[in-house]
Amino acid sequence: MGNIFGRKFRITTFGESHGRGLGVTIDGCPAGVPIDEEYIQTELDRRRPGQSKITTQRKEGDKVEILSGVFEGLSTGTPIGMIIMNQDQKSKDYSHIAESFRPSHADFTYHEKYGHRDYRGGGRSSARETAARVAAGAVAKKMLAHFGIDFKAWVSQVGPLKLDNHYQALDLSAIESNIVRCPDANMAEKMIELIDDTRKKRDTIGGVVSAVISGVPVGLGEPVFDRLNAELGKAMLSINAAKGFEYGSGFEGVSMYGSEHNDKFFTDENGQVKTETNYSGGIQGGISNGQDIFFRVAFKPVATIMIDQESIDIHGGAVTVSGKGRHDPCVVPRAVPIVEAMAALVIADHFMLNQSTRLDQLKA
Amino acid sequence: MGNIFGRKFRITTFGESHGRGLGVTIDGCPAGVPIDEEYIQTELDRRRPGQSKITTQRKEGDKVEILSGVFEGLSTGTPIGMIIMNQDQKSKDYSHIAESFRPSHADFTYHEKYGHRDYRGGGRSSARETAARVAAGAVAKKMLAHFGIDFKAWVSQVGPLKLDNHYQALDLSAIESNIVRCPDANMAEKMIELIDDTRKKRDTIGGVVSAVISGVPVGLGEPVFDRLNAELGKAMLSINAAKGFEYGSGFEGVSMYGSEHNDKFFTDENGQVKTETNYSGGIQGGISNGQDIFFRVAFKPVATIMIDQESIDIHGGAVTVSGKGRHDPCVVPRAVPIVEAMAALVIADHFMLNQSTRLDQLKA
Amino acid sequence: MGNIFGRKFRITTFGESHGRGLGVTIDGCPAGVPIDEEYIQTELDRRRPGQSKITTQRKEGDKVEILSGVFEGLSTGTPIGMIIMNQDQKSKDYSHIAESFRPSHADFTYHEKYGHRDYRGGGRSSARETAARVAAGAVAKKMLAHFGIDFKAWVSQVGPLKLDNHYQALDLSAIESNIVRCPDANMAEKMIELIDDTRKKRDTIGGVVSAVISGVPVGLGEPVFDRLNAELGKAMLSINAAKGFEYGSGFEGVSMYGSEHNDKFFTDENGQVKTETNYSGGIQGGISNGQDIFFRVAFKPVATIMIDQESIDIHGGAVTVSGKGRHDPCVVPRAVPIVEAMAALVIADHFMLNQSTRLDQLKA
Amino acid sequence: MGNIFGRKFRITTFGESHGRGLGVTIDGCPAGVPIDEEYIQTELDRRRPGQSKITTQRKEGDKVEILSGVFEGLSTGTPIGMIIMNQDQKSKDYSHIAESFRPSHADFTYHEKYGHRDYRGGGRSSARETAARVAAGAVAKKMLAHFGIDFKAWVSQVGPLKLDNHYQALDLSAIESNIVRCPDANMAEKMIELIDDTRKKRDTIGGVVSAVISGVPVGLGEPVFDRLNAELGKAMLSINAAKGFEYGSGFEGVSMYGSEHNDKFFTDENGQVKTETNYSGGIQGGISNGQDIFFRVAFKPVATIMIDQESIDIHGGAVTVSGKGRHDPCVVPRAVPIVEAMAALVIADHFMLNQSTRLDQLKA
């Protein structure tokens, strides 16, 4: 289990890397959201393999098909079923990994937990499953756009190359203008070079994706356990290769004094409550306060490298694992739409949950 | 909502800072776990206010009472209800915060979300609610100790003072030997001095709690969403003042190459699969691999400072908020048992969930 | 596990018959509901033992105490914790049941499932736990009364004595006017006589509780699995001794033709859609249609009889079980408030869930 | 929402009557269960339209395709995704129901709840969605067959024609020997005649499906709310057209005395605890006791009749609704495999949940 996410805007995903197909069901999407396959496809295309020289060169069309829940262009409130068929799932030779445990992959843990596993391309543990998340996230984004809620993620670090600017100093409209998805053109160039170098070394490297969610109304988040920051953290850490999450001031805020870190409230000219600084990252007491929500997600270097590695097989014997196939030298450029999708799913869920917190606002 | 945690070993908590009492129900604890109030009290005493000069001087006995679910010293498999009555919840003057929004507190967000709030001492948003988590976590720890699973958390950073050593270089048995709960005596002294200085300045400062879980069997974690790391991350980020979470190589791992970061498998003399390094932090593909699980949690400086601050009231007008009462200058020493408790609750839940993943291991 | 009920208006209960106390936490009650202990106590008093000559003569005060979630007389949206301490839980001699399996009780199944059980008075399997449900149900009723939703349950059958009238032919205001809670005075007298006779024979007898929910808005119920009728059915069947549930035309409707059974729609003078007949029982396609919801719940004769019975002990040996103590000869008079409470919990939960089904009705 | 069923063996379904396709995801099926499309197809064929003269003559192949979760013929513990594409979902003329509310259908309630609905063939409210349940139930049955748990459902009543015999007096191997699925050949003939007559009158009629589950181990069921009987009741009442559920002695048991109704325990020659009678229906205190579990489900007459009916349209105006298309004159023959499927899903879920109730039985 563990393949259902959300409480009120709930998704269920299925599908392996090399099975017949992937899919997702959204249960709890309100009726009336305009949904079409073209829009969802656009989001999927941002995640798709083979989109540039610094991503894997595998070819997968990732063509989405909506099977239910949408009628005459609008959601009906019933479950939205979507599938993405795998194009060429057979034939290849997987004997090199069928009985081996690749280092820092999930081969060993899946083998032990389930006893029987689909080893082809990593099976369910492959990041290929995130295609289903992106499809569901596209629907969530669409629904939230209706309320002016917007999601932007970008690559802020590759290996040691780190963008120091705060997000407000960046031109976020430039994110998609380069293949690494870094809004700073100079830094983007360096990052691309580093990734390309790494690829040539047949190695991989880590990175960080940053994100900002704007337009979130006050009130999202369900303390004490389902705080908005905790749910965002879980969502991000559920993405393959994620190793850390921080929001607002994050780990750096640790070194600050309370008198520096506290965000001063004020009332703006429109009578809206705002804060002068935003070390809180838009969340206070686990609940959105109307300011921008921003966070960072650390991704480790991809485990699949093209260099021979010593390991063991399922019987405990020593083997050499050779990297084969076409893999991403760095995961973060393609992680950008996944981070946005997961953020949208969290916000959509909490948007729904927040409809019923006050007696005086309940519809009869 | 949001006050239930876990799927199979599930806890529900209730209680405000200055209400009549706090409590927790554990639903799903297996029968046969030896439980007594004395042991739970020991854990609560580690979290209790007033335990040293660097924690708040408030006096709360935090006396736990078990109301159900335990018979003749053993859990019965039925819900374990525990309460902690508040000792002196009335009388005090809260007019200074009844209508004000303290900076970086949850006053504003609770006010907006719920319309009506118990402002006394922060009400439900007070970290006082974590007492209930520690009580539940004590039961989880007890159950897991039966299987040799152990939890150790400590303070690894206060403000800029950061313990650089990897946990294996530390003497974790020394954690409780000083009031800041840092296993390095020299560093502990500096941290205590910094906290004490901060207190005298009527200010607060942040910190980091590190933790290691040992003895976890292979197989815990439910991909793709309920990965063990994602659940640990959520649990930690649900603690008051938490701003970030990382496990294994975390944010630093980002700068590594895959060839450095991959943990090489080997079979030890007892035929057990191990890894030479542990950048994975004991979790691969979202599932525990039998190695130590370790992680770090960032805590911001406590929002309540004893210095006057400008803010606004519930009508949007300007007010000055004066810190009153007795508060922690730094939250991390008392966060240590809370981090352990939340970790134990996650592991207990996944231990239960992992009982039914293979047909050949199901009991009829 | 299994002690949490509801998805959005969620309750968690705990407590054994002879433990220290019982309790319930409501997670998800909206803020602003007027709640006081006196009102909850009134509902508990309807369920309390010792209220008449045809109920058990045990004396339990069932005094409720609210520990959290209510401030200045209104719910705050945070968890409402309530406890009911047991008054005299020690001392009695339970050796007669400690090692015996009483026929048609839960002694055997609890023993096998959990290995270790609190046998005193049936422990968790005692209907005493329903006191916590009634306390929670009182809060749900209060919230729903704000929207004009009302619950009425009554005894419609005791043994073979069956009230034939449809609920619309009954004077439901007369329910509480007699100790058996049957709105027909003549039938009530006969029922009381039958129960009293049964009591004198040291035996027990079954019965049926009927109920009607009025004022439910159109739209409650979440197909395909969480249909309103399915949720009501589960709620009722979760009550001790319940053996059957039917709504609308129920089992009798089976013999009808579709042309007779179909409820004809019409628009009344106020423009409201109504149905001429109501064989649907106010629910169509699993969703409330605005008409009265009515249903019936069958309760078996109480298993505890004062007559000696042959049985076996935990070692499989033959024993004689003698009924001791003070028990209900018929469960239905005291089941009336429990049925109402469970119905209110289901409706409250679905009222919350129904806040977010249409994009055009979502609050931003 | 409401399209997810189960806690540990969880299914999510999607799909409308006339959309592109239906589907189901099983999350939580243990690894190692032998699964093939042929077997699932067999179960689907029992539910399929057009199988006899007394069922609807619509032609739907109901061809299942497994997309994930099965590798080399065995489940892998990852989500099992299955789809059934609709064959001819376009073109037909639905103008007669697009704006009308058919009596006792879900047209009105869906219209009000969601605002926008897929009216073609009833959309999501059509019993067509139960095909997905049957596919999932087939997997559950397969898993449980491994432990000797078996499911048998049959038609025990059509209109007033009621099979009086207790299930033990019936030859359950004869169920599939006639098209009405009644194990008594004489009664079957009468039932078929009645259904055929009803069809000729262009009318419909109700019925009852009875079921027995054998081989269930002691211990399934999670009191106090998730009792096995309550979960079975919910499952059955979630099936289209279900109006009532009773288990064991059911509504008739109401008239019995406790001294008659109590099931006497004894130890059989193999040392197994059994009961002499089984009025408990195999469940005591909400937990299976190892005896046969049996229950009955009432189904109303199908709402779609071929006779003209007066009704209203979405604007409140009067309309005449004419039955069109090919519909079942009586739902129960095709409900038999659905009842079995839902029973299997409940038992599978509780089988999983019951793996972790005793500390001494947990696997490390």
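To keep things simple, chains are lettered A, B, C and D as they appear, and every chain counts its residues starting from 1.
Simple rule for what comes next: a contact is a pair of C-beta atoms (placed from the backbone, for glycine too) under 8 Å apart; a residue touches a chain by one contact, two chains touch by 3 or more.
From a predicted model like this one, the values you see are computed outputs, not experimental measurements.
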Comparing contact pairs by residue number, the option in A-D, B-D or A-C matching B-C for over half of them is A-D
Of A-D and A-B, the pair with more C-beta contacts is A-B
The distance between the C-alpha centres of subunit A and subunit C, rounded to whole Å, is 45
Chain-centre distance (mean CA atoms) for subunit A and subunit B, in whole Å, is 26
Expressed in whole Å, how far the mean CA point of subunit A lies from that of subunit D is 38
Contacts with two or more other chains occur in subunit D at residues 1-4, 8, 13, 28, 31-32, 75, 77-78, 113-115, 124, 223, 353, 357-358, 360
The answer for subunit A against subunit B in the complex is residues 1-5, 13, 101, 103-106, 108-110, 112-115, 124-125, 129, 157, 159-160, 198, 201, 203-208, 218-219, 221-227, 229-231, 233-238, 242-251, 253-267, 271, 273, 275, 279-281, 284-289, 298-305, 307, 309-312, 316-317, 353-354, 357-358, 360
Subunit D contacts subunit B in the complex at 7-8, 28, 30-33, 75, 77-78, 143, 146-148, 217, 223, 351-353, 355-364
The residues of subunit D that touch subunit A in their complex are 1-4, 8, 10, 12-16, 19-23, 25, 27-28, 31-32, 65-69, 71-72, 74-81, 83, 85, 113-118, 123-124
